[in-house]
């Protein structure tokens, strides 16, 4: 494994992990709000959340670039007030991956939350739990399979994210060049196929480990929650 | 709306619908096998199914080209025995979109299937339903929320699919130029942003309609299945 | 802590209407045929179903008042609900389920402690298990324990003992009967088992077709044989009121004076002079013209006040033990119509009601005001 | 159609062991304390839990045989299981739930029809509803109907009437009692209600701590007061066997001859001479030294054969009506210990057992071989 | 990392630029390869690039118009030729460079039903635009247009030919030479389209190291490598 390969692998892992964790709280909030509530503007939020799924990633990258770029309306404000920049940095790669992973995570969580027997929450409420308490102590743990699913999906999608990342943060080895970008670069050379294949293997390996871990957790989870005969 | 735009919109709709429907039976089978069974090679299949999520779409497109191209090992066989070709055709665009959508659909279905109380299947079995019968008459209808989720995800992801499609079938206006390809194409010209924005609007509109429909079905579904208090 | 309930509640196409009080002291039984609306009333009282209109109040403070726009959220009501369908939290151990409400109760709330409840319910070996690893009856016991431990201000119990074995049921009934006085805790208790009503209830509310069909002190209501079709043929009976006059510790028997006559019953733990209630089912009472030597150690003289023909071959005969037909001094006997004729029973005639000591369920009421 | 059960079944850390037969004709009650293993046995018999070892056979044909590697899938066993927890299919209407098994049954299988079952269960107005729109008892009724309509070869019922009101329970018990003879359908029936055992069961299997503790004809088992702690204090009793000798249609009474003595009971629909069984609970029987004029129209002379001291103040007294202590000719009386003394009862002494006609539950057995 | 030099370069230059940087020992030089449009947009949004090499003049124009280019630093770096390629190993000898040769090749493909000619999308990929111009000049555009497989970059077009999915492709000579799986069947006459030029410019904030690298790119060592790869050196 060359230094560049190692860098890409490690960076991908970091970006995917960070993006997944960063998106999780937002995804949870959205899943709950979309799955349970009825409020004005819900349809709009729903479409917004899902846009990254529906539009080509390049468009999302471009949208991020013009909002979070240092010349962008949000980016400038963030830079001037907090000194944070996103473009062309690790942070940006995380942002791009998180945005792309968000709709998948929201859906997984939402599906789980909607499947929960609300009678159990009612029981918790009658035992003295406030709405928030019941959410945290009943809904959330019971949504664990969805949470796991969301984490796997988020991690996998972040791992594979390409279009938005390259458009938003460019393709600088060691800084923003994740595995997919490295693979892209390798494929640009006519004799890069061997390298590309090697990088693909790393990706697959990472996926294998992540999926294996998810599978293992899931089995434990199922054993833990039990199933009637 | 110009003719080209209309074509792209209509084609996108067709490709996304066809891909979603084509992937559904396979996704169902995989979701059931992965969610319920324990069999050798399961981990491998799991990784294979998820590869399109983990790898950059271009790689998937390239892999499709290698296998399903007319010179590819599978493609040649299909062409010689059945006369079917995929490259440069609508069919190819559908295949690419379906492959990319598959992991998302499998996960949605699987999550739903795993959440079903197996005691209900047991009840059906004791009432005279064979395993398959119980699957069709109990598991499947109870997985309806997951099915809906899978359809929405599949449709949305197919709608947004870009990298694999362009690599596999390239851009043949009217045959394979879906909205993302048109948007991408527009974005490549320094003055194409207005056009790109218009195309993005169409995509968002399509997504809006699809999500609205899903939401509506979902509400009906929930009312139909009921929830305890 | 009186629980006042007055509500109109849409349930599918039906509208459930209920208006009654659950008095501070004692158990109020809510009975009625399947689908009558009992569970709906409990859920609405607990704040889990929203009534169309009406008012629910605890000790005069509104928990729900449609007119005044009050609707306390369920957790603020602090009513301990035992659901008909259990509803244990599947992701928590039995212990954690039991303590779920307890840790959320206000510090100063009082109620039984974990050890006491665990011992009562016999669920010590199950504490580390998860709900899916329990049998049906074990689940039901945990659900009862969970509600008891949540230190509620009133208990709403929906057929809590339906799948428990007789010895456990017997034990729990005794425990539940003592709760209201011990913790100032009104209990609203749904059941289909008339023996539970007989043992537990001071007040009875009978629902029929989504409405309250009758209500009143258990005393009066259970004596009303006309309600038989709703509560079952054999279970109706009467409640006598009296005072303990003798404790036969050797025999484990108590003697209670009712309307000037002595009734021997299985030992009631109460001091001499304590007021007690005796529940005697109509089917357990035989009639004769005179006092006879028999193991039916109770033979009370009285006057036939009413004879109600029930579906053949049955007839119900009311016997007043004292001067008037005051509740608490009347017995009902369920006999065959032929016996009515062969004994020559008729209103105004004297008669002797005989029943065995073992047929009597006695309970001290002295703790009540 | 005899159902043979012999299995060892791991359940968590416990191992449930059961070996008994459910005879072709009649109802076999499976009783025992909560957690004893009753539901586990039913689930295993139906093929929904896999025993460690053992054999389950219907009419001699193995459904499961660990030794021979036979394990028929649940649907091929065709045993109608009423689950303790209902398990209606939430996505189907009540009607579709009822018919789920029916449409899957072989054409030539026999059993009751939809209309009959719907009328019996009183669920006509619910047919178009979905399970979540039903009350607890309504759900339970649909679950019973579903199993009945699946045209099973045997019925396994797990506390099927636990949340039904007394009138419905009464009606259903009558219906269920007639099923075995009507459709050649053995029934294995789990319950905690001893009155259900008394009314239904011909055979009783008693489980305790995951094992079969006792089994036998209901006759013998229910007369065995030593099992009281497991089945509850007041419910034990005896079963008398006799023949109808007179039908008093006017009074709706039947006279049955038992061991040469006449017993008057509520009308049993059976021809003169038909064999019948009478169930009489120990708590309903009073003892005296001689025949007395009372509405307790049954006063049977016999001999005290045993006196068993129960927890104070109770004692159980066995009275043989005929010459020997044959089951079917013995009564038990639950009386206070003081009565034993005051009446001077002792083994070998004559005594008169008195009980009211209304206390007897009679049932024709003539349809049985 | 402060003294790092970030170079934004068109993806089709990946190989040769890396080789040149290696030869010159520019360890501090980091590349970001992507399509020219992506890079140009990023530069407009303040990307910390110091040198931009575009495969396409309009995008360099856009960056220049945005005022991000160091005055006077824009130069054409290399040139390229448009080649017709077909699957198969490279053959020795020089391919024909006549209009006729190109026409014969293309017509033979047009005769096969369903056969397609792979190239970049004329709508936005530079190679496609040059191909369109050249084909129009040769009077073949109307016939060829419906038979084009429009890839989103040169590499993908080349891949279609490499895999034999398209019997012919129109790509840059450099791409053709780099691939062992295609052979150059003909070159478009140089006059059949506007010259293919890759403009290079130093961006605002370029460090001396960046200037040194830019200068090196025009030096003899770099030029040798460029010629080896098939590029023409800009006049």
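Each chain carries a letter (A, B, C, D and E) given by its place in the written order, and its residues are counted from 1.
In the analysis below, a contact is a pair of C-beta atoms (placed from the backbone, for glycine too) under 8 Å apart; a residue touches a chain by one contact, two chains touch by 3 or more.
Please read all numbers here as calculations on a predicted model, not as lab measurements.
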{"item": "Chain located farthest away, centre of chain D as origin (C-alpha)", "value": "E"}
{"item": "Inter-chain pair with the most contacting C-beta pairs", "value": "C-D"}
{"item": "Relative to chain B, chain with the most remote C-alpha centre", "value": "C"}
{"item": "Chain D and chain E, separation of their C-alpha mean positions in angstrom", "value": "90"}
{"item": "Chain B-chain C separation of Cα centroids, rounded to whole Å", "value": "60"}
{"item": "Rounded Å distance between chain C and chain D, as computed from the means of their C-alpha atoms", "value": "27"}
{"item": "Shared-contact residues (touching 2 or more other chains) in chain A", "value": "58, 62, 119, 122, 184, 187, 227-229"}
{"item": "Per-residue multi-chain contacts in chain C, two or more chains", "value": "48, 85, 133"}
{"item": "Complex interface listing, chain D residues touching chain B", "value": "46-48, 73-75, 77-81, 83, 85, 87, 89-91, 100-101, 104-105, 130-133, 146-147, 150"}
{"item": "Residues of chain B that touch chain D when the two form their complex", "value": "119-120, 122-131, 133-134, 137-138, 141-142, 144, 224-228"}
{"item": "In the complex, chain E residues that touch chain A", "value": "6, 8, 11-12, 14-15, 30-34, 38-39, 41-42, 44-49, 155, 158, 175, 178-181"}
{"item": "Footprint of chain D on chain C - complex, ascending", "value": "12, 31-35, 39-40, 84-85, 129, 133-138, 140-141, 158-159, 162-170, 192, 194, 229-235, 248, 251-253, 264, 266-267, 283-284, 286-290, 292-297, 312-314, 333-340, 342-343, 354, 356-359"}
{"item": "Complex interface listing, chain B residues touching chain A", "value": "43, 46-47, 50-59, 62, 103-104, 107-108, 111-112, 114-115, 117-119, 122, 145-146, 149, 152-153, 156-157, 159-160, 162-163, 180-181, 183-184, 187, 196, 200, 203-204, 206-208, 211-212, 215, 218, 222, 227-229"}
